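Once you scroll down, you'll see the structures, which are given as structure tokens.
In the two complexes below, chain A is the common chain; its partner is chain B in one and chain C in the other.
Up next is the complex of A and B:
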């Protein structure tokens, strides 16, 4: 009975959202109090209904209601509670429910900005968001009903793919979807501007925090996915240029470009058309990502549902949501006149414009690399593979100038204002980078790329530090108290600096991991010792241990450095009898300077076990860097809110 | 000023110390086993055909193990990298190569990104040139 309530709520929301869309279409030109209030109230109702429906689905997973198809397919009574809950979105239907929940939540949040956004624009934004909701609801109801019942009640469920039974992966989809769906808000802002013809600096100011929050969530979501792949899949790597990873990375690149172009629009009111186009593309890439993952077009761990009818349906949604606005864009952009003689080459906006170009080209490159094999296969049946080597040769050189500019852009000023002390800053920056590069050369002269990559990291890190130091010096402020520091930073673009520093930290991690790692693949038996430089590993024992819903083969190694015991590492192989599959649990000793990563392979007491050992220097900086990026995003939202409040008070 | 420079030197020397540690390990490793290293290098560019987007170097499947042994033997008998890649692509098709070779059907794949970039640069330069501040 309870699941039926969830189903009915979904149907009700679908009908209601259809009516809302019709209501909006008929009142598109009106912007009175009644129209806007009807639309605002309806977003709240949509959100509450979907929340309840989603809640019922989660409840069905918690009580293991196996009469539901998706619960019996993806859950099991023995599964730990947290994975029963996260199992809700660990499947096709449930993940779509999560998608619309977040979509209706964002729509509800935007609708509360009644006092900041003009009624005309707001009603269009709500209208567009509701159309997207409507499309996705019909997709769920017609092809992927989460509340479908089984005729015969099974004794127990099939369980969840053990690879997905992991805390990192419990959080990865919600954050990623937060990012994907968050980009729908900027999409609706853009389409709303096209419909109403209303665009100004305030439009950009209102839109920017939404992009920033989506971008931050996307950053963390991607980083969590990468971290999960690193410790769960047991290959010692963190990024594989897998189509599914690319699917989330493309919207991120576009969102990064958008984040900067909307800032130009906000300050200088130029690049209007470009910003609108990027807003549309950002969400299109999110939908494309969903399409790639959900259609089963490209197989991967994520593609839990490979049903061609679903793929076709998403393709139609993608077509409507991308094609419609793009046609609108082509016909309406002449609406927006911008003054063309407003670029000063030595200005911040020029640097950001060039960065925009490189970022979008990088996104296009990833798109080409992801879809090219598909098109080639459809075109003449040739099958090719595209691995990291391709991206190293194309993506990396396109991104390198972005890093170069990233350090310099904060030195420059908006418009015609002469930048402050730029020569001094540049000399400082260049000298330190040259010294750093020389140091890297002395360490390892054979690898040119490690020197380039490392130097870029040093360049950016130094750039951020130099800019901050000069800023602090210029203010003549004595930052001797906590309050003074806080006040100072709340006035400046600290968010930008934190995010840029995040990229630098990330690059340090990449340099260490890519160019200085060592790995072994050897066969050893209990009692053997593996010596690597000043570290050694003693293979103590292998034992079979029981887990809550698996059986584990656990090995124990003692790690010594300079003949002193540092830690005990316990890599595992887990066998899940319900799902009939096996996972490897790498043992990872992680610290500031690098990871020791140990994987237990196949073997037995007679022949020994095959063991993989990785030393990955600085690898945790990769995720730390992503953390800083997201933090930078959040700080900049707080700052802009604060400055807006101050502005209000001043007026 | 001096203090600041000192700080920078300190920060960067920290950098080098770690990298230095790992370099020692690496060098021993290279000296001890050139063939293993080369096998791994080539293996990273060969797709494991039965896995999901893994190279044979990453995979522990049977076919990956067999291919690793095959590549190792080829290196030991003096085959060049190119010969090994050619041998594998003749036997299993281009699908096995994770680094797609430049052929007529991959020209677009390899050059499109740079064509887009050059067109874009051209456009941006035009905007910047035309619109000096007056």
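Up next is the complex of A and C:
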């Protein structure tokens, strides 16, 4: 009975949101109190209904209600509670439920901005958001009903793919969706501006935090996915240029560009058309990502459903959501008048604009690499794959100038204002980078590319530090109390600095992992010792151990450095009898300077086991960098004018 | 700065970036595409002398009773049930590698043997890489997923 309530709630929301869209269409020109209140209230109702419906689905997973198809297909009574819950979105139907839950949540949050956003714009934003909600609700109701019942009740479920039974992956989809769906808000802002013809600096100021929050969530979501791939797949790598990864990376690149162009719009009131276009593209890329991942076109752990009707449905949604606004865009953009005075090539806005151009070009190269194999297959049946080599040859060179400019852009001023002490800053920056590059040159394993990549990281890191130091020196503020420091930093672009530092830290990690890692396979038996440099690994034993829903073959290694015991590493192979599959659990010893990564391969007592050893220098900086980027985003939201005022009053 | 001059700079810049990007993409595509073949397609295309000087991917089933492991090197045959190819691989095999499993091998030919740099078999025991599934259906060996 309870699942039926969930289903009915979904149908009710679908009907209610359809009515809401109709109501909006008939009142599109109106902006009175009643219209806006009706829209706000119905948005709230949509959100509550979907929340309950989603809650019911989670509840069905928790109590293992195997009369539901998706529960019996994806869960099992023996599964730990957290994976029962995360199993809710570990399948096609449930992940769509999560999608609409977040969508209605965002719509609800925007609808509360009645006092900040003009009624005309707000009603359009709610209208557009509700149209998207309608499309996805119909997708769920007509092709992917999560509350479908089984005729015959099974004794137990099929279990969840063991690869997905992992804490990193419990959080990866919600965060990623938060990012994807968050981009719908800026999309609605843009389409709303096209409909109402209303655009000003305030529009940009209101929109920016939504992009920032979506961008931060997307950053963490992607990083979690990459981290999971690193420790769970046992391949030792963190990014494979797999189409599924690209699907999330493209919206990230566009969102990064958008984040900067909307800032230009806010300060200088130029690039209106460009910003609107990016807002539309950002969400389109999110939908494209969903399409690529969910359509079953690709080989991946994400391709739950290979039902062609579903792929077609998402393609139709993608067509409506991209085509409609783009037509509107083509007809309406000539209306917007920009502030054309005072253009200066040596200004912050032109640096940001150039980077925008590079970022979108980079996104285009990823797009081509991702879609080209699909097109080729459709046209002449040739099957090809495009690997990392393609991206190293296209994406990397396009991103190099981005990093160069990233360090300099904060030195420059907006408009025609003369930048402060730029020559001095540039000299500092160049000297330190040259020294760093020389340092890299002295390392034996260095190659041309490792020096370039490492120098870029040093360049950016130095750039951030130099800019911060000069800023603090320039103000005669005595930073002796917590309050002064806090107020000082909340007045300046600290968020930008943190995020840029995140990119630098990330690049340090990439340099270490890409160019200085050691990796080898070896066949060893119990009692053997593996020596690498000043480290050695002693193979102690292999045992068979029971787990909650698996059996494990666990090896024990003692890691020594300079003859001193550092730690014990226990790589495993797990066998899941319910799912009839095996996973490799790498043993990873992580510290600031790098990881020791051990994988246990096939073998037995007679022949020994094949063992894979990786030393990945600085690899945790990659995820640390992503963490800083997201933190920078959050800080910059907190720095927005209003919250700054609040803080001032509070302290 | 006057608007005409400014527009010119922007247009020149955009053209340069896009030109550079296109050039890079075309070069990279030409050099880095990895084609996918079935063992039979290789036989038809290149005859028995298999000396393709490029990295390729071959998809098919691991032939039953063909897997020999020795000193960390694995030797096996990959088949689409009409032709088979000998594969040598000295890395760790994926968890799902077993006889009869649909897999994809990436590597280069040397003396009629495929020296694999990567063996891909992913995700679950019923899973068949789409490329392999297509090839097997074409040869009438497999009818697609039973459901």
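Assume the second predicted complex is superposed on the first by the 633 of 651 C-alpha atoms of A that agree within 3 Å, B and C clash if a C-alpha of one lies under 4 Å from a C-alpha of the other, contacts with A are read in each partner's own complex, and residues count from 1 in each chain.
Simple rule for what comes next: a contact is a pair of C-beta atoms (placed from the backbone, for glycine too) under 8 Å apart; a residue touches a chain by one contact, two chains touch by 3 or more.
Here the structure is a predicted model, which means the values were calculated and not measured.
When the two complexes are overlaid on chain A, chain B and chain C occupy overlapping space and clash. In the superposed model, A:583 makes contact with chain C only, not with chain B. Judged by the touch definition given at the top, the superposed model places A:593 against chain B, while chain C stays out of reach. When both complexes are overlaid on chain A, the residue A:519 reaches chain B alone and has no touch with chain C. Of the two partner chains, chain B and chain C are each touched by A:365.
Contacts of A:601 after superposition on the shared chain: both chain B and chain C are touched.
When the two complexes are overlaid on their common chain A, residue A:385 makes contact with chain B and with chain C alike. Legend: residue contacts after superposition of the two complexes on their common chain; A:145 is shown touching neither chain B nor chain C. In the superposition on chain A, A:444 makes contact with chain B only, while chain C stays out of contact range.
Residue contacts after overlaying the shared chain place A:432 against chain B, while chain C stays out of touching range. Once both structures are laid onto chain A, the chain C stretch out of 61-69, 115-123 or 133-141 that overlaps chain B is 115-123. Contacts of chain A with chain B, set against its contacts with chain C after fitting on chain A, overlap at residues 299-301, 340, 343-345, 354, 357-358, 361, 364-365, 368, 372, 382-387, 389-390, 393-394, 398, 601-602, 610. Chain A contributes residues 161, 163, 299-301, 340, 343-345, 354, 357-358, 361, 364-365, 368, 372, 382-387, 389-391, 393-394, 397-398, 521-523, 573, 579-584, 599, 601-602, 610, 612 to its touches with chain C in the complex. In the complex of the two chains, the chain C residues touching chain A come out as 1, 3, 6, 9, 13-14, 17-18, 20-21, 24-25, 27-29, 31-36, 57, 69, 71-72, 90-93, 95-96, 122-125, 129-131, 134. Within the complex, the chain A residues that touch chain B are 235-237, 240, 242-243, 299-301, 340-345, 350, 353-354, 357-358, 360-361, 364-365, 368-369, 372, 376, 380, 382-390, 393-395, 398, 415-416, 432, 435-436, 439-440, 443-444, 458, 462, 469, 508, 512, 516-519, 532-535, 593-594, 601-602, 610, 615, 617-618. Put simply, chain B touches chain A in their complex at residues 4, 8, 12, 15-16, 18-26, 28-29, 40, 44-45, 47, 52-55, 58-60, 93-100, 105-106, 108-110, 112-114, 116-117, 120-121, 123-124, 127-128, 130-134.
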